[in-house]
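This report concerns only the one structure given below.
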Amino acid sequence: MSGNSRGDRFRVTTFGESHGGGVGVVIDGCPAGVPFPLAEIAAQLARRRPGQSHLSTQRKEDDLPELLSGVCPETGATLGTPITLVVRNKDARSAHYKDMANLYRPSHADYTYEARFGLRAPSGGGRASARETVGRVAAGALAQTLLRRAHGVEIVAWVDQVGDVYAADVDEAAITSEAVDAHAVRCPDIAAATEMEATIVAARAAGDSVGGSIRCVARGVPPGWGAPVFDKITADLAGALMSLPATRGVEFGEGFAATTMRGSAHNDAFTTSDGAIVTATNRSGGVQGGITTGAPLRMRVGFKPVATIFKPQQTVTNTGEEVTFQPAKGRHDPCVLPRAVPMVEAMVALVLADHMLRALGARDSDLGSSS
Amino acid sequence: MSGNSRGDRFRVTTFGESHGGGVGVVIDGCPAGVPFPLAEIAAQLARRRPGQSHLSTQRKEDDLPELLSGVCPETGATLGTPITLVVRNKDARSAHYKDMANLYRPSHADYTYEARFGLRAPSGGGRASARETVGRVAAGALAQTLLRRAHGVEIVAWVDQVGDVYAADVDEAAITSEAVDAHAVRCPDIAAATEMEATIVAARAAGDSVGGSIRCVARGVPPGWGAPVFDKITADLAGALMSLPATRGVEFGEGFAATTMRGSAHNDAFTTSDGAIVTATNRSGGVQGGITTGAPLRMRVGFKPVATIFKPQQTVTNTGEEVTFQPAKGRHDPCVLPRAVPMVEAMVALVLADHMLRALGARDSDLGSSS
Amino acid sequence: MSGNSRGDRFRVTTFGESHGGGVGVVIDGCPAGVPFPLAEIAAQLARRRPGQSHLSTQRKEDDLPELLSGVCPETGATLGTPITLVVRNKDARSAHYKDMANLYRPSHADYTYEARFGLRAPSGGGRASARETVGRVAAGALAQTLLRRAHGVEIVAWVDQVGDVYAADVDEAAITSEAVDAHAVRCPDIAAATEMEATIVAARAAGDSVGGSIRCVARGVPPGWGAPVFDKITADLAGALMSLPATRGVEFGEGFAATTMRGSAHNDAFTTSDGAIVTATNRSGGVQGGITTGAPLRMRVGFKPVATIFKPQQTVTNTGEEVTFQPAKGRHDPCVLPRAVPMVEAMVALVLADHMLRALGARDSDLGSSS
Amino acid sequence: MSGNSRGDRFRVTTFGESHGGGVGVVIDGCPAGVPFPLAEIAAQLARRRPGQSHLSTQRKEDDLPELLSGVCPETGATLGTPITLVVRNKDARSAHYKDMANLYRPSHADYTYEARFGLRAPSGGGRASARETVGRVAAGALAQTLLRRAHGVEIVAWVDQVGDVYAADVDEAAITSEAVDAHAVRCPDIAAATEMEATIVAARAAGDSVGGSIRCVARGVPPGWGAPVFDKITADLAGALMSLPATRGVEFGEGFAATTMRGSAHNDAFTTSDGAIVTATNRSGGVQGGITTGAPLRMRVGFKPVATIFKPQQTVTNTGEEVTFQPAKGRHDPCVLPRAVPMVEAMVALVLADHMLRALGARDSDLGSSS
């Protein structure tokens, strides 16, 4: 397979380049009879959209998705067949890219795409463009709806860090998307958000970019999702999150901080609460041996500073000529973090919806067997 | 699928519990005609084996693999058919586990396995045992052989950190497995290794455990391996590495440190060297847009302190009764890091061998087409 | 997975219902650099299109495909990314279907869809409609182009039988699509075609339908494609062909006729021709042990008479009420065979293109290894 | 993937050559808590075993399976982890094969294996040997147990034809495995069986082989299993059955006979029986649009005469030299049909068990969703 699909039972295939006919997604494996959540999808796409605030690129795309298949026109319910959503490319100024068709932008995928495919789309980033994530975010919104309806799962991500500014501790049991969206930076600690905003604005003023990290929590996931070996839920989440553009690392629970702890300080004791078996602490981030414990999933994803900057940089052309490259000030975000929040939520939702479906049939009793 | 297989074209399926007939692996997709590297496989298994030094569990297993299929007895070459390797379980003292059959060990998979499957193997860790990795390490040694023969790829991992002791910078261009194995801790910085050893010994003396991290470099990977979207090579490596027991995080290139940098400081400029296009720096860790650049792959994996400790801990039984749990001093490593080095190398090799094969056919010219 | 994708390395996912926004296909795994054969795709779609002759339904659809992704607008070459083609639904008279929303048409999928999904699209056949094959035929035309460019493979299918009228023996070494298309029935034996036409016209006049069979030959397939066990090329072709609507059986080489033969009469002796090893006969249909011999692939597919007829039939509603069902004379073909010819070619091409790509990397020497 | 695995949720991977260490299977996806049916597995293997009657090869193998993993030693229940079964190769007289190491036996896979892999196992048929089916039959017996326990599904296959001898009509609603096994030929029509036996004995006396066909029925399959497009249950069964050695064709319901019928004669009217919706006839063989109707599945598989005969045949060596090949009278069945009966049952069971699991989660209500 060529790596444009993800998921086993809730399977998404994204398609489209940044400057072709459009981008979109086919979702295969959504159960039949789900009221199709077009409003939720549009809302998540709006959070991903460029040009949504003064902090992001001014490339304007309303990104309204067109529904091609999989939903009953009469009832609005999913049919159990592939759901296809397309967002047309409208604001495609490929002339912008003419100058760079023969050179390799530093830390972009220009060179590596050519190394793999022997060619690349001469205009825009092709599949490496963040625009590819439109399909993921749309599918993720559907996945979130499934998870909420079936188990009340809530997935909330937020900007935890921009450059060297970190959010103070957030109450992960209570954080909501509304609180996250209260500031354009999508950090619920407003004091930190203000500083992060200043960091972003300063980077842009300098023609530069800045990185950061996002935390995400998934509350309400029942015990027993995941698999023991290669498809540990942490493994699957790590693979899904690291497939987002510009990611550099991912950690779960206490993450790298756990590496300095002793077992006696890190282990989560089991206890009971209202008759249910629960962990007294949640340093493991809701997963043991790759399978969920019922406690909230907790994770963090690190993003590099985006490669597009407006300072002169050294690079080479495809004939090996050394050149200086400096794009005209253009339409790129100096910091992807605020717009990456719905992308992170989407990837987490896609993995969880897939594992919700995969958990069916794990036990003989699921089949209604009698001996 | 049930998560016991990994890889698309070089596909491994591991099987076996810690206390059943044995553990092993089926490798499907190995090209025909490869001299089967039994010695290399045995050598990597020896690095993974318990009881190999005073730092690890005294559970004795020589772990000699038995070859059931896939190799021509007459020539010793692979046949292009599934290769099956089995290691018998010999030292299975399941009586050890009788006491814990009804309670949930803190931060083990006992509870989550029951949540998923409705039951668990009453003896030992079942598939959650690190013994499951025997098959991965064996398959990984074969993958390393393929990679070395075809492209001279070298994969070297080492212990970078134990508790709060960190290795000084290691020359990633020169580090060898021999240097790594010079100390039982598998840290090539001998001064740090000595301190790490003391940290491990102290943890064991306290009936406790300790975490740490491993770095890995893969040199000689050509440009063009990987895929643009979900199967970015970083995504695939992240998923593979996070499927190892006790992992808590993974990062690539500068990793989380990149999140505090500006783009102008993080971008890798392209230049030429001996006529080839290369990057002047390698902060991205050998990958752009999910596809290899030709520079060494660089990554780090964090491991939690192992859950098995010999102090009393609070937990509950499967009927919800609160109990104190303290295992008899037994056969568990206080620190998995030294033995995890070959596991990390194996997972990296499995991903890279898979992508080596997947890269074939990416271009029309690979098919010998003429218009 | 939900069964809307097929292929391992040349992978197609079809989407769309007969009466929603449109139908289409995503093709993932097409090598980069292939001149996109839009004309060939349009030509094959024209052969599949309803209303193309007096023998088929008068439902008018020009079925012009819209290209959404995967092809470079500047050069017309494939990018190595997913190729998406959509054909809009235009002539959707769902009112036609109102009457039958609550009853189960005999030998249609109405009842079984409800049994699986708990609901069905109230208008038209949903995914069971032959309209779903638009995406297959489009993708198949691309696959045929790949196969032709790389190996000169030619795939030709023709109508071999309608009702009890059979074509005389056709010269499988010489048959061309042009000869097949010389008669609207798509049988190259014109005398038989004339009789078949009469059979179809008579069935239509009676408000009835009629079945038949299609033969297909693939010439130019090199030796060595396929796999030994579950993915024998015959197994894969059988699965692909039997996924077409209305199919009832498939056979290869001598097919069921081989079951009455002795081995000495059926075996294909090896000999040499111009220095190449070939079989003197081709009773096996170009495959031994699931792998191609280099001789032409030969197969036959049987189609039932289509379920839509215009005579009164007994059936029940979804509340179990017995009713008589007789559709208004409408837009359905009395015989699918002529339009199924490009569908058969498409499925064969999809399987072969997939196996062409899968054959890469079967040998150590494919990797350029040195010892 | 390399084609040694089959199934999506109930996934089997077979391994092993005819003359290596052994053959076996890994079954991944079996639900936990199923009493492991070792006796049923042994019984089906005994039906597949060579040397079981005077009609089959005298190669003696007791074929007792060894269980390596996936079953709890204490309780005998499946663990939800991969189940591995191995049967050792004991009676491996590879000297038998020395003479033929450099020539291509007519209608064997010798030539095609070399074409694919660049080499072949010099002794025996490697993966092309019918011995590979040991793993399938073992896994199929487990699948049959799952199906029986959950839904009372019964799968019965029998020899319908040997050469030009056909069984009279069999009562498909009542046929049992016991009736099938009453004669060594495994044809429940004893008069026909006696004639078939004579046909086989005559072929053997002539140093020749003979083909035939097997019918199979699966009773008790509930409505709603299967999928609309590529994974139609007929498509999946066709692919599975055609992956058996020596198969030449497969058909469902009325099969190729349907091609000569009119729709009014072929359609299955719906009616009610005891309040349930059923079809009055079952010409479609229990499947509409790729999804089960609840009526028995009905199918037929055609097998060629086996390629191994003891008459002189023309062939060539791997250097293109023309030679006459005549094996010493040896250990091969003149007719595979009797031993193929459990193989057919196994493949049908594997497909059905997979679709039983895949049917879970097809509807929103399966998830316990509330709006």
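Note that the chains take the letters A, B, C and D in the order they are written out, and that residue 1 is the start of every chain.
What we mean here is this: a contact is a pair of C-beta atoms (placed from the backbone, for glycine too) under 8 Å apart; a residue touches a chain by one contact, two chains touch by 3 or more.
Quantities reported herein were computed from a predicted structural model and do not represent experimental measurements.
*Asks:* Decide which interface, A-B or B-D, involves more C-beta pairs in contact, and give its chain pair.
*Replies:* When A-B is set beside B-D, the one with more contacts is A-B.
*Asks:* Name the chain whose C-alpha centroid is farthest from the C-alpha centroid of chain C.
*Replies:* B
*Asks:* I'd like to verify one number: the distance from the centre of chain B to the centre of chain C, where each centre is the average of its C-alpha atoms, in whole angstrom.
*Replies:* 45
*Asks:* Using mean CA coordinates as chain centres, what's the chain B-chain D distance in Å?
*Replies:* The answer is 38 Å.
*Asks:* Between chain A and chain B, what is the separation of their C-alpha centroids in Å?
*Replies:* Comparing mean C-alpha positions, chain B is 26 Å from chain A.
*Asks:* Please list all residues of chain A that touch 2 or more other chains.
*Replies:* 1-2, 4-5, 8-9, 14, 29, 32-33, 80-81, 116-118, 126-127, 228, 362-365
*Asks:* For the complex, which residues does chain B have touching chain A?
*Replies:* Result: residues 1-6, 8, 14, 104, 106-109, 111-113, 115-118, 126-128, 132, 161, 163-164, 203, 206, 208-213, 222-232, 234-243, 245, 247-256, 258-272, 275, 277, 279-280, 284, 287-294, 302-309, 311, 313-316, 320, 322, 359, 362-365 of chain B touch chain A.
*Asks:* How about chain D: which of its residues touch chain B in the complex?
*Replies:* 1-2, 4-5, 8-9, 11, 13-17, 19-24, 26, 28-29, 32-33, 66-75, 77, 79-84, 86, 116-123, 126-127
*Asks:* So in the complex, the part of chain A that touches chain D is made up of which residues?
*Replies:* 9, 29, 31-35, 78, 80-81, 146, 149-151, 228, 356-357, 360-371
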